[in-house]
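Order of writing sets the labels: A, B, C, D, E and F. Residues in every chain begin at 1.
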Amino acid sequence: MKTLVNDIKENDNVDSLFLVKDKSSSITKTGNTYLRLKLRDRSGEMEARIWTFVEAFSESFSRDDFVHVKGKAVSFQEHLQLNVTHIERVKEEEIVLSDFFPTAEKDIEEMFQSLIQVSQEIKNSHLSQLLHLFLNDETFLSRFKRAPASKQLHHCYLGGLLEHTLSLAHLVLRNIGHYSALNLDLLLTGSILHDIGKVDELSFDRSFDYSDEGRLLGHIILGLERVEDKIRQLPDFPKDLSSLLKHLLLSHHGQYIWGSPKRPMTLEAVMLHYLDDMDAKINGIQQFLRTQVPEGSNWSAYHRMFEQSFYIPPTTLWEEIELPTRTVRNEGEGGE
Amino acid sequence: MKTLVNDIKENDNVDSLFLVKDKSSSITKTGNTYLRLKLRDRSGEMEARIWTFVEAFSESFSRDDFVHVKGKAVSFQEHLQLNVTHIERVKEEEIVLSDFFPTAEKDIEEMFQSLIQVSQEIKNSHLSQLLHLFLNDETFLSRFKRAPASKQLHHCYLGGLLEHTLSLAHLVLRNIGHYSALNLDLLLTGSILHDIGKVDELSFDRSFDYSDEGRLLGHIILGLERVEDKIRQLPDFPKDLSSLLKHLLLSHHGQYIWGSPKRPMTLEAVMLHYLDDMDAKINGIQQFLRTQVPEGSNWSAYHRMFEQSFYIPPTTLWEEIELPTRTVRNEGEGGE
Amino acid sequence: MKTLVNDIKENDNVDSLFLVKDKSSSITKTGNTYLRLKLRDRSGEMEARIWTFVEAFSESFSRDDFVHVKGKAVSFQEHLQLNVTHIERVKEEEIVLSDFFPTAEKDIEEMFQSLIQVSQEIKNSHLSQLLHLFLNDETFLSRFKRAPASKQLHHCYLGGLLEHTLSLAHLVLRNIGHYSALNLDLLLTGSILHDIGKVDELSFDRSFDYSDEGRLLGHIILGLERVEDKIRQLPDFPKDLSSLLKHLLLSHHGQYIWGSPKRPMTLEAVMLHYLDDMDAKINGIQQFLRTQVPEGSNWSAYHRMFEQSFYIPPTTLWEEIELPTRTVRNEGEGGE
Amino acid sequence: MKTLVNDIKENDNVDSLFLVKDKSSSITKTGNTYLRLKLRDRSGEMEARIWTFVEAFSESFSRDDFVHVKGKAVSFQEHLQLNVTHIERVKEEEIVLSDFFPTAEKDIEEMFQSLIQVSQEIKNSHLSQLLHLFLNDETFLSRFKRAPASKQLHHCYLGGLLEHTLSLAHLVLRNIGHYSALNLDLLLTGSILHDIGKVDELSFDRSFDYSDEGRLLGHIILGLERVEDKIRQLPDFPKDLSSLLKHLLLSHHGQYIWGSPKRPMTLEAVMLHYLDDMDAKINGIQQFLRTQVPEGSNWSAYHRMFEQSFYIPPTTLWEEIELPTRTVRNEGEGGE
Amino acid sequence: MKTLVNDIKENDNVDSLFLVKDKSSSITKTGNTYLRLKLRDRSGEMEARIWTFVEAFSESFSRDDFVHVKGKAVSFQEHLQLNVTHIERVKEEEIVLSDFFPTAEKDIEEMFQSLIQVSQEIKNSHLSQLLHLFLNDETFLSRFKRAPASKQLHHCYLGGLLEHTLSLAHLVLRNIGHYSALNLDLLLTGSILHDIGKVDELSFDRSFDYSDEGRLLGHIILGLERVEDKIRQLPDFPKDLSSLLKHLLLSHHGQYIWGSPKRPMTLEAVMLHYLDDMDAKINGIQQFLRTQVPEGSNWSAYHRMFEQSFYIPPTTLWEEIELPTRTVRNEGEGGE
Amino acid sequence: MKTLVNDIKENDNVDSLFLVKDKSSSITKTGNTYLRLKLRDRSGEMEARIWTFVEAFSESFSRDDFVHVKGKAVSFQEHLQLNVTHIERVKEEEIVLSDFFPTAEKDIEEMFQSLIQVSQEIKNSHLSQLLHLFLNDETFLSRFKRAPASKQLHHCYLGGLLEHTLSLAHLVLRNIGHYSALNLDLLLTGSILHDIGKVDELSFDRSFDYSDEGRLLGHIILGLERVEDKIRQLPDFPKDLSSLLKHLLLSHHGQYIWGSPKRPMTLEAVMLHYLDDMDAKINGIQQFLRTQVPEGSNWSAYHRMFEQSFYIPPTTLWEEIELPTRTVRNEGEGGE
């Protein structure tokens, strides 16, 4: 079983798999060559050193390889460091991806099946065909199912884009009945496609970062091109409908200042923007709260993007209340 | 039956009830005194003149009175004007309020019963008791059921505050199951109380305007005082719970610049802000679209607050699609 | 010869061609039907009335038709009004477009030939082929040569888009030698294509306005789609080059707040943004100064977009100086 | 020859000239006094220690002196440190300024001669005389030729102000012919004088910093005072011309928020602002790219002022293209 | 005695002095020439017509002349209009300035004597001499005593600049003792000189407007030049002191966005900014309240610059309280 | 007598009182347990270690206790560290508060007596009674006299809230006479109560921080609740007066962006905002200057909130001037 970086303590003997993040050679005061490594898994990263058989080991693996490492953890200048006695490359097929990268808690295939189900709610044949093209494009799906939804802000884990997409589609289903005159087919299609450009904007094979075209063009434009590309395969797709759908993608950030080249101009675009923003923010805050609340405190650390801290009410506040096994009534008596 | 101002045409003989908006006396070139009036109902307002029996008529009614008017519509300098031959005051009890003021389309008592039902979802005894105090305070209710939700932006009609409050509470019910860890009791209470200060901020007896304390203090503060006032009657109400609830009210505008003295710091406050904002915006746009789309156009007039126009997709776009008698699936398979 | 609206004075007998902007029927106090028209040409618009043969005339033309009108100019309520005695429809082929719409001062075909010449400076075969596709696409060119560059701000006349495009390309040629390391081919291609989406964003057949897709998607996105469409026809077009070129289009507004979904990230994008912005502003101010400086004043009216007035130095300031027949030295001794 | 700080490696014996940035005495655990120094040249700075003959050495030089140093580079706590065995003061005349401070690549006197040439394009006798006064004021020139154009943002090296000034004047020459109605004399004078206040705003004898009056008044005001001072020597200088010229200086930052007390109100001021801004930005980005692009990356580090990174296209993109020995056509066929 | 424009009623016979604001000739339907005038005094302006002896009258006066007018007020299209029977030019010496322009309520010479007194509090000989130069420069004083402090915002009346200057100096005296370490001499001098550039920025001979150099350079720069000009006459004036004083002028608007090229960097500059801003705002609001509160209302009209209305508490609130004959400490020397 | 942390030097034997800020146990390389402490007083904090009698000592005191410590200061890795030989808890009554926390320089009881005096200027019986309730509420006063006025920005020391309150009240007295029509009673009451919510917003028993309700509700709201609470005890308190007073509290930050839910709408609110802001800024800058000006410099460090540095004029500037023994009018009652 995987030994996680964060669990390693001084004097531990380590025998486990890691990802090589950095690799460079250096020279000791006495003139000997040694290797400096950074090893990583999903829990964090640590320094490592190879003092023996340097040349042989060095040739056997590269940066960004997964490796099997044996060694001993020692303390050097108040930091933990792994003195490696054995290291060898392992193939990507032999590792468990979720040992190395943060991964969605929910099962990816289950989420995808849910998304298929949601997409079947769509009755408009043009939109339905368009989605069909996407949801049966295996090249696309291989990235779509794995991509995170962002580098740092929300759903930043493998499967995060799928999770966020499904979550937004479900929010659309929950809220659509509340207002008359909103078009469900358009909204559902928009919710499923709104972030697909992230498949190209982000690179996520070894770490979460932006691709070159991701930085130069952004996921809104990249997604639009993917949509345009599929619509081209549907010669009867109405141009008006195409404009409306593209407008949903273009305007879903809501404001110029947040990178939307257009602000929402239809009721569907307005709702999609609010639900997407709410889902991203709530997930982002929840992720933040998981790691950034000091023990014994009800206040999170300062969140730089929000420029504030968040508060977690003391659980005692609700203790007296037995959490009800209530059947939440979602059905539509509301403002509809 | 009421003849509406907007339906009056040149040469019509008019015999109906109106509200006197302005009343002043003036003098003709030939030295005779006459009365200049503005008459109003829910459809608009028009000029009127009294040329005969001026003194007698003048004493019989005042500005802000409802009056029974007979006269003839003539055109003067390209505008319609009513030459009044008879006018007399009628009592407020004799008029139908919705003839004179824009009024919610839904029945006010039905909406109120729905709100009672929603409030019964709350299990926390403190919050439940607090709501009970509000929902049984007849003085409060007499204003709460009648108040608009704003002067111009959204739900600007009698019953609008109740409608918006109920709508927001329903949105909370629809969305609460989607995320774990959100407290339904707190959110429902917050949604029901978030705008109660508007009962005091707005005056809506003759026209929709701000009260003095409304302008000086604002509905957020006025609502907080009403909450504080009721909590004082509940000596066991936990202080922490009180802070959390008040925080929902204080932060529901989301940003300093929108008049919130605090930004949302709890997950409940974040969700309440998004749903409230979405409900206000969608209702506001829908109201705007009802009157501000030129015939034959798919684009609304320019909306000053949004600094843009809105688009209504051509209905032909969806015509081919038989609108499904679909059972919308709201239940909670979502990102929850 | 065309009689311009702005030149018509009280009591003039008019016999000329106009564009019908508005057309509606109305009824006189004595119960006769008459027609109210708005007639327009490039100099302005005026009210007109048809009092005789109303029915026959009314059937013979519609709104947005060009018409031959005879009549007499009279003054009504301090405004000039044309009493029409004869009106008949003329075909679009019979009119001179520049009588009716503001039109570039420079000859359109000459400008287009200059643009062809500039495009031949490009040595990179991919970019050269791409431009070739555009500059030989007659459907595209028929709109590109006629489109204005904006509705109100700059180059707002037929041929304005071409003029601005050519002007920007020339500015690129003038400035490219000044800095090392900037790629001329990319910059020239970017300058020629940067605003092509305006061909679709604007409608300019009868008045300058936005098209539906223009409002929903904007010229940046519409231009990108046109570029993508042509690149598809060039299977060897390098993807990196495509991203760089598209980035120029996406970022040429320079800031999110001005509708750019990306800010300039390459030196070429930075330069293109500055030169484009300078050209638009200088042309816009010059156009504004042409009509908005009160006689006898050195200050223009208040310019709403700039939130200021502009100053035209008194010509006497330079009079003493014989304007030099100087050979301006543009060649590149500069900071290069 | 100068040994640069950045080239020194562990165990090197060093014998070279440096600038003393910091100098303080300290005490070892065993109670002996030693000196802690920071030594600097144009490549960077390093720690140094004097353990022997402390008192004698200490008296022989001060902070901000140039010194001749002998010693050995050792590693202490992972940082390089120079153990000094000999140190003595050298006079400023003996050093090569560009060994110690970043310096313009172009020859300062050549640039100045170019500026003289450019200034001779000016035909207006008042402006010409004004420039003459500046360009023959040796006290002024001794600072003007040496000053950087800013502390951190662009042209931050000795001679940078001259380089930027010349560059802007050349840009004016390149662009002036493109638009009619712009006054070349005014623009050239404005470009040459626009930043002269930096001669007083910055101090640049030992490091680049702001002077007291520079911080309190800023280069715009200080430049204005220098211009006013010279104009006083020209009793016939027209007041209108003086206002126009000063307006160019006052408004060249373009926006209040960037420190301009006035926004550009003449066409000349508009163009000067754009060209100045473009020149500063392009030079600033180029300087940044020179040092802030990690090896192997096409992306620069994050630039704090721009709040983004910059992209350097892969050189392979253009490799196939033989760089043309093209005669760039700058002459004025453009939008003029 | 002067008959004020605002007091004229239909059918009044008028015989009084006015300022001619506009003058143009026009033609009646029957082909006769007549003159259209706008007449003005401090209370407002009105239309006037000359129907008889048109040519003779027309030659006898020009726009911007003061005239003696006889005529009768009639109503035309709901507006009052003066039919002139006699008109003749009067010399500027014969009119009372305050009949035509809004004028400070306080006596100008008394205010000036107060300012002299305040200036005598200054002990620093350099600052004292500097002020002496200003306060004995009759050319300067003739404008300084008459200038308004702004066109629209505050102290917009003849003598307003002097009143605001004196008021600020008194505020400095009132507050200086409250904080230790603030230099009274510097602050008093700064307060007296802070707005002197308005003497040149504004033109106020016939109406309040900006001069050309006022628009191009602004009062901050123009004031700085006046200060620099006087300091030149004081060869021993310390440069540091000069910088400090100029910094007060440059930074007194407090923020870049309000046109200050520098923000306050000394304690004196901070205090001067706050007191100046407070004095301008309170005077501006008081002026606004004088004319912009509808009868019977406690709320002013909407103030465009402040983007809000202001509230005047009902006087009844304080009625019960006998206004104390309290000797408020501090009384007296202030702008009261 | 107290030995201050900042005065301790290497090798000093220390015997004094401190506050325990942090306390944790750790293990040496040789396996022995030791204690790591942070000790603090008003001058700063330092590391300390307990190597002997670890268990016994550890049980005798906790974090946030005051302790009597004996030990020796040694240098470890370039930092000073106290090796503790003896430590024991002392009671809070035995310490001098101002040894441990920054404390107002002025005597708290004297300041409070001044405030009482100021409050007696108020003649309005309602306001006077209201203040009486506050100034005789011992529970309130015990916090009010001790609270700082903010965590970091101004008056950040024990007694700071009282000092700032008194200072603002004195500023009101100094300035009230300067403008007619301002109500002294309202302004004085507003100045005394404007920040009372800080009593609840901040916690200041061991360090200056925000309380939970302080973060969730803020001092403006908390102060309003305290005022409301007292007004409830005064049944005759006029509602209008209550609104006016609360408006002063709500609007005293002046702008939405600074957390005011309302902007000042009365003249009193405008003045209170300016004087409060000026007092906070001047005190904040003075505090900052006390510690943040490097020796030998006239410029402070960069102030992050102001985004600038501040300048202290060289004292030599005023030296020549014998500081006048001037009797500044106004002296006396102020914060001096």
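Convention: a contact is a pair of C-beta atoms (placed from the backbone, for glycine too) under 8 Å apart; a residue touches a chain by one contact, two chains touch by 3 or more.
The shown structure was predicted, so the numbers you read here are calculated from the model rather than taken from an experiment.
Chemist: Taking a step as a move to a touching chain, how many steps at least join chain A to chain D?
Modeler: 1
Chemist: Applying the touch definition from the top, give me the chains sitting in contact with each of chain D and chain E.
Modeler: Both chain D and chain E are touched by C, F, going by the contact rule given at the top.
Chemist: Which chain has its C-alpha centroid at the greatest distance from the C-alpha centroid of chain D?
Modeler: That would be chain B.
Chemist: Among A-D, B-C or A-C, where does the D-E interface recur, judging by over half of the contact pairs matching in residue number?
Modeler: The same interface as D-E is formed by A-C.
Chemist: Per the centroid of Cα atoms for each chain, what is the distance between chain B and chain D, given in Å?
Modeler: Computed value for the inter-centroid distance: 62 Å.
Chemist: So how far apart, in whole Å, are chain B and chain E when each is placed at the average of its C-alpha atoms?
Modeler: 45
Chemist: Give the residues of chain F touching no fewer than two other chains, as numbers and ranges.
Modeler: In chain F, residues 212, 215-216, 240, 244, 265, 309, 311 touch at least two other chains, as defined above.
Chemist: Could you classify the connectivity of these chains, where an edge means two chains touch, as line, ring, star, complete or other?
Modeler: Shape = other; not a path, cycle, star or full graph.
Chemist: Every touching chain pair, please?
Modeler: Inter-chain contacts occur between A-B, A-C, A-D, A-F, B-C, B-E, B-F, C-D, C-E, D-E, D-F, E-F.
Chemist: Please name which positions on chain F make contact with chain B in the complex.
Modeler: For this pair, the touching residues of chain F are 212-213, 215-218, 220-221, 224-225, 228, 239-240, 243-244, 246-247, 250, 256-262, 265.
Chemist: Which positions of chain C touch chain E when the two form their complex?
Modeler: 75, 298-299, 309, 311
Chemist: Which of the residues in chain C come into contact with chain B in the complex?
Modeler: 29, 212, 215-216
Chemist: Going by the contact rule set out above, which residues of chain D touch chain C in the complex?
Modeler: 114, 121, 123-125, 163-164, 166-167, 170-171, 173-179, 181, 183-185, 238, 240-241, 244, 263, 265-267, 270-271, 274-275, 277-279, 281-283, 285-286, 306, 308-314, 317-318, 321-322, 324, 326, 328-335
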